[in-house]
Each structure stands twice: as C-alpha cells, then as structure tokens.
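Next come two complexes, and both contain chain A; in the first it sits with chain B, in the second with chain C.
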Partner chain A sequence: MDKIWLLSKVTYKEGVRNRILLGIVFIAVIFSAFNLVFSQMFAHDLSKVSVDLGLSTVSLAGLAIIFFMGINLLARDFEKRTIYMVLARPMARWQYVLGKYFGLALMVGTAVAILGIVVAGGVKLSMIMAPQHIPANYSWKIFILAICFNYLGLMTLTAMAQLFTCLTNSSFIALLVTACSYFIGQNVELVRKGFLEEGDVNPAYYHLIKIVTWIFPNLQAFDMKTAAGYGLVLEPLALLWTAIYAICYIGIILMLTILVFQRRELS
Partner chain B sequence: MKGSIKTTWIAALIACLFVGYGFSHGRVEDSLADIKYKLHVAAIPVPDKLIRALAGEFKGLFADYLLLEAASFNGSQESFGASSEDWDAVARLLKQSNILDPYFRSTYMLAHTTLSWRAQKHDDALAILKNSKEHLPLDWIPGFYMGFTHFYFLKDNLSAAKELMSAARIPDSPSYLSTMAGRLAVESGQIDVAIGFLTIMYEKSEEEENRKQIRERIQALQGVKILQDAVHSFQFRYERMPNKLEELVSSEILSAIPDNPYHRPYTLKEGKVKY
Partner chain C sequence: MAIEIEKLTKRYRKCQRSDRPAVDALDLNVKKGEVFGFLGPNGAGKSTVIKILMDFIRPSSGTASINGTPSSNPEGRRKIGYLPENPFFYDHLTAEEVLSFGGKANYMKGRHLTQCIDELLSRLKLSHAKKQRLRTYSKGMVQRTGLALALIHNPEICILDEPMSGLDPLGRRLVADLIMDMRRNGQTVFFSSHILSDIERVCDRVGILNRGRLLFCGDLKKNISANQSLEDFFVQLIEKDERKFDG
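Our next item is the complex of A and B:
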C-alpha cells in the first residue's frame, strides 16, 4: 500500500509540475467570467444556462486533462523507457498500475475540485444578478452531486485510457482509442433506447449492440447537468447504483490493465 | 545606415500589418452581420437521434446555443424580410434545442412567439410545445399556448378547449383557464364536456371566490344545455329554427326559460344558445 501511495504522490507531483493546474484555474476563471455575460443573453432560465455552462466547463477541462496530460503521463514511462527505473525497484507491476491510476485520480480530482469551486462562484454570481430566474427546486446539493458524478465518469475514462496505453504503448493511439470509447460511452444509452427498445432490428445487429453496451461504459449515466440546472429530483437508489456501476467498471478495467501489464514483455 | 534601413523596413511591415488588420476587421464585421448566412449554417437538418449523439454530455449547452441563434435572428432586422426558408431554419433550430433540452422554457416560449405569431408555422410550434408539456407536467404555460394556438390561429375550438382543460388541471394554474376552457367547449358544441370539466374543477377548487365563479358558470351552461336541447326539439317539430327563445315556451316545449346566473337574458344566434 505504501508503494502504491508513493507512486501516486510521484505521479501527482509530476502532473502538478506541468503547471496544468494553473492553466485549469485560469480557464475556470475565464469561463466563470464569461458565464456572467453568456447567461445574461437569455430572457428566461438564466440560472439553468449558467449551470449548463459551469458544469460543461468542469467536464471539458476534466476531459482535456485526461486526453492531453493523463495519457501523456501514462505513456511517457513507456516511450521514454523510465518504466525500467520504476520496475527495477522492489515494486510489483500491479502496484505500478494502481499507483499510476490513483495518482491520476488525485490529479483529476484536485482539478475538478478547483474548477467546481470557481464555477460554483460564477453560478452564484449570476443567480445574484437574476434572482427571479432561480428554479423553484434549485439545490446546491444536486450541483455538488453532479460534479461528483462527473468526476466518477472521468475516473472511468481514466481507467480506460490507462488500459489502452498499456495495450498500445503509444500515447497517440491511446488518445484516439480513448476518444472513440468516450464517444461510444456517451451514446451507448441512446443506441440502446433507440434501437433495442424499438424491437424491429436485425438479430445480428441486436446482439452486437447488446455486447457493445456491456463492453463500453454508459457515460451518459454520470451526466447530471440537466438535473442540476433545473433542480430535478434524483432518486437516491439510482445514484447509489450509478456509483456502484462506476466503481465496479473501474475495478474490472484496472484488473484487466494489471493482467495485460503482467503479461507484457517490456524488453 | 544599414541598421536604419532595417528599422524602416520593420516599421513599414508593422504599419502594413496594422492597416491590413484595420481593413480586414471591418470586412469581417460586415460579413458576420449577415445573420441569415449564419442561420442557414447553424440549422443543419440533422436527424433527432444524431443531434443527441453529437451533443453527447453537452446537450444543455448546445440547446442554449441553438436557442441563442434562433433568438438572435428573431430580434434582428433581417427577420422582418425573412423568407420561408429562413423561418424553416428557425423552426429547425428551436426543434433541435427542444430535443436536446425539453425542460428549457425559453425554447417553447420563443417557439410560440416566433413560430406561431411571426412565421405562422403552427405545426412546428405545437410539436415543440407538446414535447415541453410532456416533460414539464407542473408547468401550465405550454398547454395554455397550445390552446391559444388552436383557438386563435387554427380556429379549432374543441382542441383549444381540450388543451386549456388539461392546463387548468395543473396545480397553481390561473383560475380563468377553466372558465375559458368551458366557454370554448360550448363554442364547439360540447356543452356536456364543458359542464363535466367545470364540475371536476369545482370539486377540486378550495378558494371560495373561485368556487363561486365556477358554480355560476356551471349554472349558465346547464341553462344553455336545456335551451339548446329545446331548440333541437323545436327544429324537429316545426322544421325551422325558432326566431326567439320565448317561442320555446309558447310552443310548450319548455315551461319557462331557465335563470341566467349572470343576470342577463340568454340569446339565440344562428341556432346556438349563448349566455
């Protein structure tokens, strides 16, 4: 456990050294300022627009961190051969995989927390400017929940990015495959509803979609921007199942990554 | 000497860049002022499912943007000379915004004011209002707008009455919706529907003033119903319409004209009894 924590800290510090957090704070402040202007362009539902833009900023920045920094951090060890230095120490391969993942999780978590706070400030300001447009059921609890579930979605994607980096050795290919997985994950639910529930589909196609919905994560489940914007009631049980779904999926992917990495010939 | 020539060249280059920037800036602004062009670009006819897929987790943000595009056009000078194609594009933008975020009130409000009032695209407006109504069961305004569109633009009193009745059943909806719905139902010849609907509203209403208004309206409609049935009997017996309601009494079809709770006489116009 100490070794995993040590590697997590090293990965986190490596990320912080990239000054990416500084960039994130800068983006968050810019978007929050823009939020005040953008939401005022609407005649109704100003708070909803403000929450939309705020939470989208958190999502976009989180994705940017995973795609442009996370994958690089993971692939750099393979590309620059620094992995030999790490594995030469008394550290098992599974510890390396988990250490890297938790380091990235910490990194993304810090960025999401900073973004969340700044964005919430922007949303609050736009609400102060137009109090008559705050939805009757608006709740900051749902706003915070939306950020937490967004983070869970990002963590799911990070686990996939790590698996693809281990499989391909190349940051570029890993980025492409992760981006495709993200797009599929966002639309798995839509495809399932659109095609499977209509019933009138080719059996082969039906089974293919069924398999795809099991392989790729349903990232749409973590999107609670609409609920946060309008203060829609969220079912506690549904939230619990979504969290369990994410934790289990991440666990399976990490196991798969460890399996791939254990069998990997690193010479 | 050589250094001064170099400085002159650099200064000239910088001056050229600034002049070029100044001219191009104006041109860019001119080209962007053509909102119609922007509108056509934005309102690409993308299938409903595809637009949801393309927007991914940013559906709300895309819906905001599409609405802003439609609202910008609606508020621009170009909209006064807009062609049918332009309004098609606006309808498409609003439909896409509504698909991406059916809870967004701004979309159905703009759809009603723009598509119904300005573009006369009532089917498009009704489709957006219907989708919003289904997603916002506690909001009476989409149903009210639908009722208004049916009544005012489409001259369909029965559909208007149905929509208003449905809107009137929503908690916190204004009390006048039920009386409006009742009146429209009568206009469309559905007196029984109107009485049935108002009776339900009367039973559900808790405010005394509101109950009094509905009770009077029910009494008036019951009077209309008695008189209308008598008019039909008169027509059947004499193969003509009565000239006055009093003829119903003189021909012994009715023993007396019912009381009108609004303290004015019932009237007969083109075979229809009014209160």
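Our next item is the complex of A and C:
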C-alpha cells in the first residue's frame, strides 16, 4: 500500500504542476463568470440554467483534464520510458497500475473540488441577483452530490483511459478510443430505452445493443444536473446503487488493466 | 553469483519472420564484487539482456536471476540499482523529489534518506540544482540524476545501460570514479558501453555480444596481448563473426 501511495503522490505532483491543468482550471473559471452573465438572459428557470451551466463546466473541465492531461501522463510513461524509473524499484506491476490510477484520481479530484467551489460561487451570485427564480426545493446538498457523482463518472472514464493506454502504444489512439467510449457511455441508456423497450427490433440489433450496454458504462447515470437544478428529491437507494455500480465498474476495468499490463513488454 | 543467465533467448514478434532472435541461447555469469563490461555493436542485444534482467521484457526461453532471485520477482530488485540508456524522469519534479521517491520505494526513511540524497547530489555535482525541476536540466545533468537514482539505496548490484552516454569528459571521469568506488566497496557493477577506453579502465571482465550471441567472456588482461588494444580485439572479433555469419 505504501508503494501505491508513493507513486500516487508523484503522479499527483507531476499533474498539478503542469500548466495545462492551470489553463483548464482558468478557462473553467472564465466560463463560470460567463455563466453569471448568460443566465441573466433567461426570463424563466434562471437558477436551473445557472446550475446546469455550472455543472456542465465542471464536467467539461474534468473531461479536458482526462483527455489532455491524464492520457498524456499515462502514455508518457511508455513513450518516454519514465516507467523504467518506477519499475526498476521493488514495485510490482499491479502496484504501478493502482498508484497511477489513484494519482490521477487525486489530480482530477483536486481540479473538480476547485471548480466545484468556483461554480457554486457563480450559482450563488446568480441566485442573489435573481432570488425570485430559486426553486422552492433547491438544495446545496443535491448540488454537491451532483458534483460527487460527476466525479465518479470521470473516475470511470479515467480507468478506461488507463486501460486503453496500456493496450496501445499511441496516446492519440488511446485518446480517440476513450473519447468514443465516452460518447457511447453518454448515449447507451438513451439507445437502450429507444431500441430495447420498443420491442419491434431486428434481433441482431437487439443483441448488439445488449452487448454494448453491458460493455460500456452508463455515464448518463452520473448526470444529476436536472435534479440539482430543480432541487428534485433523490432516492438514497438509487444513489447507493449508482455509486456501487461505478466502484464495481472501475474495479473490473482496473483488474483488466493489471492483467493487460502484466503481459505487456516495455521495450 | 550476482547475475546468472542461462540459455536466454529472446525473439521479438517483429523479428519472427527473419527467424533471428535478438538474444540467442545466452549463458553468462557475473560474480559478486566484480565490474563487468558488456560490449557489442548496435543491435547486438545488450539492452535486451538488461531489460530482461529488469523484467521490463520477458524471455522467450531460458532464465535470468539476480542474487539467486528470478528477475520476474519485484522484491529481487531491492538490491539493484538501474540506470537506463537515455533516462527520462517526470519533468515537473525536482532531483530531490525523484531521489526521495527512489529511496522510499527501496524502504529508506527519514533523516537517513535526506542525508543520502544530499551526499549523492553533492558527489554528482547537482547540489545547486536539487530544488530545480528536471525539465530545466541539461542532458548531462539528467544522466547524473539517473545515476544518483540508481545509487540512492546503496545497491549491491548496479546495472548501468550506457552510463557514459551524453556526458562530457568530466562527467565520464566522474562516472568512472564512481564505478571504481563501487568496486572498492564490494558492489557488483554490470554495465554496457560503447566507449571502449572506459571499459578498459574500469572492468575486471568483459562480455562481447554480437547478433545476440556471446563471442567472448573473460578477463581482459589475460586475453589481450600487451601490444593490442581492446578496440582492435573487439573489431577483430566482430569482423570474424560477421564473416562467418555471412558465409
């Protein structure tokens, strides 16, 4: 466990000192300021627009961090052979996979926490400017939960990005496959509902979609923007199952990554 | 034995069509406390052997062990210091942080680790830059940081892949002196190099590899006549083997 933590710290330091991360956070802060102006243009549901835009900013910035930094940090280890510095130590490959993953999780978590605070400030300001539009049941707890589940979704994607980086030699291919997985993950629930619940579907399509829904994560499940915007009540049991789903999915993907990485040649 | 290699063969997938293994049934032993030079032309298979010893790649057949522990066991690397050819580190870390990581990963702690880092950085003339991020380092400084990382835990066995590459004459002298010190301390050094004069200066024994096969392994003083240099010996050996290979 010590070695995993040691590598996590190194990965985290390397990540947070990178200017790309600062750039992404800076752009997200500008987006939040823009949110203040933009949400005032709406006559109705002003708070909903503000919360929606705020949470979308966190989500987009998180994605940018995974795509442009996370994958780069992972792939650089193979491309530049910085991995030799780590694996020349008495460190097993599974410890390397977990250390890297938790380091990235810390890095994305820090960025999401900073952005969450900035975005919450923006939402609060827009609510002060237009108090009549605040939904009756609006709850900051649900807002925080929405950010936490957004983070869980990002962690699921990070695990997939790590798997794809281990599978391929190119960071570009890993980025492309991770992006495709993200889009499939975002729409898999929609497609499942559209096709499978309709009943009248070609059996080949039916099976294909079923397989896809089993393989790719349902990232839509982590999206709680609507609930946060309108202050809708969330069922604790549903939340618990969503969290368990994420943890299990991440666990399976990490196990697969370890299996792949154990066999990988670092020449 | 510090390093034992038996019938080691490595075929890369891309080489399978040509049917020529990168390393071909290699048998090699390195005794404890000796400085062993691993020589060979480019593509001879030196780095492949070193990567198998470090478990970065897996052999197609045969075995490699260090201090009696199979190279595939990560705990076997506890007493090994490794310097890769053209080392790269995390750009945004400082030399001090990299060495601290290396030491802690090798079970070093607290004041003893800090002391070792300071001593080693001072010895490798990097003290002034220890708080500087590695991205600002010159090639020679990166190479010396790599060496410091390999030596931070005072390893019993040092495996150095081209330790002199990228260093100016002063840096090369520094590395050669370090290797001599390691020999005096009873540490085993296994290193590959193209710089034959350095090999001649510091090695007890050498192994010469060509096309993945060991052409020579032994004591230089006993096998090279007084009026022959290592370079002549090396060139003759390789040319003879190439002629044999070409038919």
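One rule holds for everything that comes next: the second predicted complex is superposed on the first by the 262 of 267 C-alpha atoms of A that agree within 3 Å, B and C clash if a C-alpha of one lies under 4 Å from a C-alpha of the other, contacts with A are read in each partner's own complex, and residues count from 1 in each chain.
The definition used in the following text is that a residue touches a chain if its C-beta (ideal position, glycine included) is under 8 Å from a C-beta of that chain, and two chains touch if they have at least 3 such contacts.
Please read these numbers as outputs of a predicted model, since none were measured by experiment.
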Partner chain(s) touched by A:Pro90 [first = chain B, second = chain C, both, neither]: second
Partner chain(s) touched by A:Leu6 [first = chain B, second = chain C, both, neither]: second
Touching partner for A:Val118 - first (chain B), second (chain C), both, neither: neither
First (chain B), second (chain C), both or neither touched by A:Met41: first
Partner chain in contact with A:Thr82 - chain B first, chain C second, else both or neither: second
Which superposed partner A:Asn187 touches (first chain B, second chain C, both, neither): first
Contact footprint of chain A on chain C as seen in their complex: 12, 48, 51, 54-58, 74-78, 80-82, 84, 86-93, 97-98, 101-102, 104-106, 133, 149-150
Touching residues (chain side chain A, partner chain B) in the complex: 38, 41-45, 48-49, 51-53, 55-56, 59-60, 153, 183, 186-187, 190, 194, 219-220, 223, 225-226, 229-230, 232
Complex interface listing, chain B residues touching chain A: 49, 52-53, 56-61, 63-64, 67-68, 71, 101, 103-106, 109
Chain A residues touching chain C - in the complex, by the definition given at the top: 2-3, 6-7, 10, 13-14, 17-18, 80-82, 84-93, 265-267
